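Below are structures written as structure tokens.
There are two complexes below, and they share subunit A, which is joined by subunit B in the first and by subunit C in the second.
Entry: the complex of A and B
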């Protein structure tokens, strides 16, 4: 795969991630039914719920991990890809990409949590957790950002448009 | 620079345009956008219109969470809960789902489902756990967006009720929202609520389910079914318990008697009757006037024909102008013919009389009106009612009056008997114009012929005890007379002509005096001790032949008025003897012992042939005997200075009593005692002038070598003492004496008197 293809793939993944980010946050990621109360929860709704119930550190953690971090990842990746071939701020881009890549391995925690909840939280008639399409989109956003980071190799930061002609 | 120049110098250049080749990777964003777009589009498509529902209060409704549930399916979600500007109402916005957009119609009912836990009805339990939810019942009007929510949970949650009817009622204390409406045991609806109408009468609103709506016709009848009914009838105790539901809530029952009429319309009004019978009674009203209306209760008192309920008293009102009670009675359908002219209406109350107990069922079931139909071809609607006593008087009115000096024990309702059969009743007990008690007696028509002008009436006491020597006869006529006593009558002898209505009779104290029908006789006695009017008998040879009717003292004597039974005229002849027999116990004998029990009686002895008389001189027993003695005895006087010998002491001759001491008198100078003895005439010849008298009483004992010799006379002489005499027999008996001869009493017998 040529670097050009890699770049295109990375760009496509970032765009896909941005597109999917919207339904991932608007659609409910899961429905919790506790003693008959069926409550669909979006990610933001979950944060709100946590905050409302006084667990604001928890709310902050979830907010950061589930909303801010994916968003920042997409934004950083977009920036990195946008800056591709320009011979400026290459060191910073490299650092940023490393950071994005390293936190990428943690970004699926939310999805795992959802999977575990959906699997464990089946208490018959009393309570149940069901994954909703939002979760799927959420996971897709994360996968997209991971793949984008994967396609865009660190060395490509250092390429400039002039060098691009081998 | 020209083209050719360019060509000339241009030898080609390889231009790499790697960026222009579009990668397949760009399909992903397109796919993602499509997927997201489709998702949003389908989500938007599944949303129906948004509606607003007003509630007075919306407890437990939360935006975003509370669902609108229609037939158990989530049909929408509450989007917002807001108060209106005046803070008077809650406006709940609901986003309906697309499939439920039909709910946005006029007539759709929205309510907040709350848990209701009550007697007989529990609903909305699930909302205890899930929280309250909105529920809807679809309507059928044009589309609408704004609704007024219902504050109560509707009774039929799935469909609009078929009919909503109004029931007017006098009172419906136990019926309330949710009470079922039954039709032949099937629940066809429920009571929606009760309220008061403009006249402050309770009105029930009921709804009938759609599928049963055609059962209700305009002549349907409704009645309330009490939670439990206890019916106590003669011999039966019936407890009706409806279902558990109606036990708790009561119930309304509907039925249609007869041909169903046109179908009922929405909002029709019906009457709610108190019970099934009242509901069945649907005929035309008649008016019956009663003198009094005790116990008449509207809606309860029944009209009966031959014991079968055929109508019901609808209302009872006192007419102040006439002072009577006007009862409006509604006849059951099919009994219209009872209202013919001349029909009689009788108020039946429990009546306990000695003729029997009537109307006992009314003790429990309440009074009722008995109906006897009149001329069916001429219907009327106003009747004069009467009560049962009036009715009895009118029907059995052969009335006579009885008079007596006193009438104990007999009361109103006491029976009138003829030879043991009750033929009438004492209707009244009052004073007549002479201030003497009188009885008004009604003889039943069928027995009226038995009462003749010469009938005799007498009182039947509750019990009579007739006792004689060896006989104790307790006579209890009957339990009826035991209670109140009674009047009996009979015709002794040939019946006379029939008595007239209102005839007056004398009431005798008892049968004996009634039988003693002859004119009274009057007997004078010195002493009336033991003589009782109405009890003391006249006897002839021991057989009762008459009765003392009256005893009163006159001029130091006792005048006894007595009546002899017919057939004993010989006792009325001049010269008949009447003597009073009292118990007499003396050592000479016991006589009249039977009078100890039966009381004294008057012994009669017929006089010789002669004219009839009605005034006699009676003798008391002592004088009678004395007179007998005087008539038959030979009187002598025995003088002694002092003696223990008393009156009635025997006079003995050789141990045989030949006479007795009649009197014991003190001599005029007080120096001696004279015993006047009467000697039987046949023994008078034993008395001679040389006869010697000595005291025979006491005990004589002589002590000898061989023992003690105790000699006594008879027991009688031992007690009373006695006088023994001997007349020397032989060749020269003394001269015969005359009555009144005076002898001297010796202390001891003369020597050799036994010879």
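Entry: the complex of A and C
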């Protein structure tokens, strides 16, 4: 794969990720029905619920991992891709890419949470957890940003427009 | 191109940005950083053995079996109970029609962590036993690829969050599986930490 193709793939993935970020956060990730009350939960709704019950450290972890991290990851990647070929701030871009790479996987918390809750919440009418389309979009955002980071190799940060290597 | 850590080579490629960096002998504890991006190119870690990595990987593989076989928690509402395993989340999501999400959970929660540990075990054994086992270099590449996908520690956190959430709605009880997941994440983190890439390349080079 040529570097130009890599760059284009990475850009496509980031744009897809940004588009999917909206339904991932607006649509409910799961519906919980506990003893008659049916409650659709978005990602943010789940955080709010944790916060309301006084567990703010837990709420902070989930908020950071599933809302802030994916957002920061997409923004940083867009900036890095936008700056491609410009001979400025390369070291900063390189550091940023490493940070994004190391915190990126934490957004999996929500996907795992969905899997665990879906598995235990199978008590018929008493307690049921159903996955909703939001979970699908959330997973898609995650995979898109991961693929984008995979396509855009760190060495490509150091290429400038005058000396593109094929 | 010569191997990245061939001690005799004059230039080393930076693992991050691939800039050539001039090689030199290092005193113990010192490190060589890339002049362009600042990433560590080489470190004289002072480690002489891969046996800790081997031990952690062996322990981890056994614990991985327990973590997947033992139930993680039980959830009770009005007399009805339900327990779960890592894999039951996967099958449940697949049953509800979320196949791709189920595949992601299966890969990041079961397949990648196990393969990652197995690959570390394979390379560490080859180095410790000084055996020329097949495909060691390909397995070494596999380790780097799988490392960001070993998400057992993240799964452990998700388990805690799930218990807290369920506690508001019914009675939740920890089961042995949760403890094994915690031990498994400690084992894989320690194995990855003790798995010194340079020492491995040096040992593999010596086996050729």
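Worth pointing out:
FYI, the second predicted complex is superposed on the first by the 164 of 166 C-alpha atoms of A that agree within 3 Å, B and C clash if a C-alpha of one lies under 4 Å from a C-alpha of the other, contacts with A are read in each partner's own complex, and residues count from 1 in each chain.
Just so it is clear, a contact is a pair of C-beta atoms (placed from the backbone, for glycine too) under 8 Å apart; a residue touches a chain by one contact, two chains touch by 3 or more.
Just so you know, these numbers come straight off a predicted model, no measurement behind them.
Overlay on subunit A: subunit B and subunit C fit together in the combined arrangement.
Residue contacts after overlaying the shared chain place A:2 against subunit B, while subunit C stays out of touching range.
Touch criterion met: A:123 reaches subunit C, while subunit B stays clear of it.
In the overlay built on the shared chain, the residue A:75 is in contact with neither subunit B nor subunit C.
By the touch criterion stated above, A:99 is placed in contact with neither subunit B nor subunit C. By the document's definition of touching, of the two partners only subunit B reaches A:27; subunit C does not.
Looking at the superposed arrangement, the partner reaching more residues of subunit A, out of subunit B and subunit C, is C. When the two structures are aligned on the shared chain, A:16 is found in touch with subunit B, with no touch to subunit C.
Of all C-alpha pairs spanning subunit B and subunit C in the superposed arrangement, the closest lie 11 Å apart. Residues 35, 140 of subunit A lie at the contact with subunit B in one complex and at the contact with subunit C in the other.
Residues 2, 4-5, 8-9, 11-13, 15-16, 19-20, 22-23, 26-27, 35-39, 133, 137, 140, 144, 164-165 of subunit A touch subunit B in their complex.
Here subunit A touches subunit C in the complex through residues 32, 34-35, 46, 49-50, 53, 55, 58, 61-62, 65, 90-91, 94-95, 98, 101, 104-106, 108-124, 126-127, 130-131, 135-136, 139-140, 142-143, 154-155, 157-158, going by the rule given at the top. Subunit C meets subunit A in the complex at residues 16-19, 36-39, 72-73, 75, 77-78, 80-85, 88-90, 92-93, 96-98, 100-102, 104-105, 108-109, 148-149, 151, 154-155, 157-162, 164-166, 168-170. Those residues of subunit B whose C-beta lies close enough to touch subunit A in the complex are 16, 18-19, 21-23, 25-29, 31-33, 35-36, 39-40, 43, 65, 67, 126, 129-131.
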